[in-house]
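Labels A, B, C and D are assigned to the chains in the order they are written; within every chain, residues are numbered from 1.
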């Protein structure tokens, strides 16, 4: 019992640290990606290649003056960002990153807690997430904020339906609500994943589209459409409270990406079977990365690159060596696959943000109710018939 | 053997035409209506052939209809020789008349547009109920058919519901039949009380052990039912009025099939009657009285259909005589031959009416022999048959009845022979007035009816001519009924044949040779003529003794006292008391939702307290 | 542990419920109600009703209450106006309410012995699988009827919400 | 580890229900009154789930499920009605909606 608590606390600390750091750097990655899509360098000044930019941003946000507008509903105004971050963090608790591992003699899951209604839990928590935005919009006592909040809550309840239906299909195929078992049924290679094996490509696409809307991302970022609503629901927020909404958005992105990975892409299962050498892919990738970094370090474009890139090359080489070590492979490899898949989806988020324009609001709602919802319904129907037929 | 298929086919026809006939073309309606009945006839043929000699009844059990204690009524059909005869008559004549109707009703539109499919649907429904009646294996199922044909009779008499006399005639038929049905119901109650069952088999096997008095009572009550359905004294008054319906209806329902249901039922209950001589005697007396009485009325009627209507009443009286004197098979024999020639007479008169575009009065006809010869010759076949001219069908059956009557009681024979003469006279009168002499009417486009009408006429004509010796019904039914020791008596036969010839001769003399003579006789016997012409004032008598008192009584007591005083008083009283109470309760209806909620809360507290006090919460 | 959990969430529920009643602003009431629902969900978990707990959060907190908030925001419903006291309701309501609560509590305490207790994991029949099985076998007809009801409610809401309401 | 007496759950349910009734009786805003109804439904749901635990049957969960669904449908229609009432009468005070009186 005590060991359980201690292990859980340790896991909690590790996950919170990694996640929050990752979120901070996700923002850096996004800025870089969009910058490169738009053919400009992006953050470059703080640290090598702008790597310390997130740190600078955090310091800036914390030290900024915390504006408290007059005539706001103070308790709710303060409560809203807190709620948003809380709900975003809560769903991470049930997401597994890997299989059961043994650390220092203790068996544990690479997950904070495994509950057998994991999927329902995530749905429940994500449905609560809308309150943060709605309250923020309402409590700000600002018409732009109110409209943004209204829009976002309407949008989120609308897209929750096709999302839930899209989630139901792979659940039917895997016949479980537990996220761990969900991954277990997709064991093997890419052909065993729900997206291929269960024929859930339609559900996957619906899920991704709905996820974009749920996280208020381009092309569905109507709540913060700056040309119409200034900054939407967080118009009146500044400093850390503003940062909280920002963080919540990125956390939600991570959550839905992880969900997509678990539901459709086989979780931490490798792309192809181990017996064909999938275990060595990370090492190979890191070696290639290291070689590239070392090459550029030898032929620096900038003055500092000579040291930084070489350093990175060395780090990559060390990582490659670590991944090649059999002792840690058992828990590091699943983590690698999971992060790779989730990262891929996150990259798609940024990629789409860099390329697609924004919807109009009525188009957005019409799309949800008149297209996405019927298609999701149909997909669920067909899936259930197929499942009933097969079993 | 799927006996149920026989009645179900017309029922299917009824449902199809009744539900969808409005959208069908006339041809399609005809196909369903005629097809279902013809198929039914074919199935009867197949069934009877497959069942062989039918010496014992063959029955089928479908389901238990009523079960109450030891008393059970099943929905059963059974078929024996009597049923087989009836089935052939009903489906055979029914098919012919359906075919005939296709032509006769072809122009049916106008005020009741869509009358054609309605007519065909009713006709099919009638076939269904009639077949149920005939196939029934117990009194209750028979009663279902009995009531059903009564319903269809009502619907078809009042077919031209936009005309008041037609609906009045329908009502009259229905109400008069209620009296008979009341007797029938009482008879059934008594049968249940006595035998504990309504099954024919059970009742008849137990009948010999029951006292004569009880059987007489049952027999007389059944007879009341039979007099209603078969238009015997004193309940015959509805049948002449029933001619308000279309002519095929008169032929099928009011001549060939439904009105003979009483005869069939009486013959079916022969076991009861043979053990109740007094009831048998009553049947015979009622029968001969009706036969004579109706025949005399027939003399003075000018409406061609009325003449045949009274003739039908009269001939039904003959059948009752046959049954009443114990010659059940002779009665059924006459039922069959009568079905042939009377259906023919009606259909023929229908053809005449059709040719004259609706003219029914004999005084406006005349000389039609030349204009519609085919109709004339077919009707002439019926004429000789009903007049009892040998060797045509009517001769055999009438002779069989009269012979049996002579052995039973000679006075019945003599009255019957006289009636035979009168029958020959009035039928001849009608024929002479219609087909001989000069044309007295105004319609100038007299034309022969279409083939679809003439083919059934021809078939019926052949049956009227040859039916008597083709179908030896007494021999066929000999195994079913007790045989009477009958000796062929050529003297009696000759006398009755002579009466027939005499009737025809007198009619020829009066209406063809000396046309003025009829009127002079009528004026010289003015009192008698008026009496007969007005049907002995029976309708007026009933009106004064039954209808008026009932109407007046209803008006004075039921309406003024019971309805206005008691029923209205109670209804209005409840209404005004409710309003008073409502006036008090209205004060609670404040429109304030929260006060409603407070009352709901008070109610739930009261419920909890009551439960606690009553000990429900333990 | 179970008792502590129960007490924590029961107290949260009661306090939030009182808050629902006494707050004058609808949105405060709504937030309090969400609190009640959330704590009830935890109590459901304690009672072994994990599916119902999830459904409680998804349906009540996630959908129904969002609708409420939505309407409050849409109508910009402010603090309620105090006027025209309904004396009868006050007179009738307070004693009745006390009587109701007292009676129910009395009977509950009398009927249910203290020995019968609730313990986490004491009942494991509330999984999604068990509920689903019962839903699609024993309770299939009510389920279908309910779906019909929802359809009717959707149509009703659309009809009521149309612009050309007059 | 101490067990929680069943009666506590039921009493909690009764208290929540009574609070719902109180809200219904003493509040004037239609929206708050409506929320009080939801509170009562929740209280009843708690009883159902408790009974389900006591009887070791899943039926109570099903009843709760149906109550939830009905509550959701009710909320949809009820809020639509509130919107209509507000549109036509520009009031959210329940005492002003009394045209059904007498």
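Going forward, a contact is a pair of C-beta atoms (placed from the backbone, for glycine too) under 8 Å apart; a residue touches a chain by one contact, two chains touch by 3 or more.
These numbers were taken from a predicted model, which means no experiment stands behind them.
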item	value
Of B-D and B-C, whichever chain pair has more C-beta contact pairs	B-C
Centre distance in Å when subunit A and subunit B are each reduced to the mean of their C-alpha atoms	89
Centroid distance [mean C-alpha coordinates] between subunit D and subunit A, Å	37
Whole-Å gap between the CA centroids of subunit B and subunit D	69
Centre distance in Å when subunit B and subunit C are each reduced to the mean of their C-alpha atoms	72
Residue list for subunit C, restricted to those that touch at least two other chains	51, 55, 63, 67, 70, 72, 74, 86, 89, 93, 97, 100, 104, 111
Multi-chain contact residues (two or more partners), subunit B	592, 594, 597-598, 601
Set of subunit A residues in contact with two or more other chains	none
Contact pairs between chains, per stated definition	A-C, B-C, B-D, C-D
Interface residues, subunit A side, partner subunit C - complex	73, 76, 115-117, 120-121, 123-125, 127-128, 130-131, 134-135, 137-138, 146, 149-150, 153-154, 157, 160, 177
Parts of subunit B lying in touch with subunit D, wherever the complex brings them together	586, 589-594, 597-598, 601
Contact set on subunit C toward subunit B in their complex	86, 88-89, 92-93, 96-97, 99-100, 103-104, 107, 110-111
Complex contacts: residues of subunit D adjacent to subunit C	1-12, 14-23, 25-29, 31-32, 34-36, 38-39, 42, 45-46, 49-50, 52-54, 56-59, 61-62, 64-66, 68-77, 79-84, 86-88, 92-93, 95
Residue numbers on subunit B that touch subunit C, as the complex places them	592, 594-595, 597-599, 601-602, 604-605, 608-609, 612, 617-618
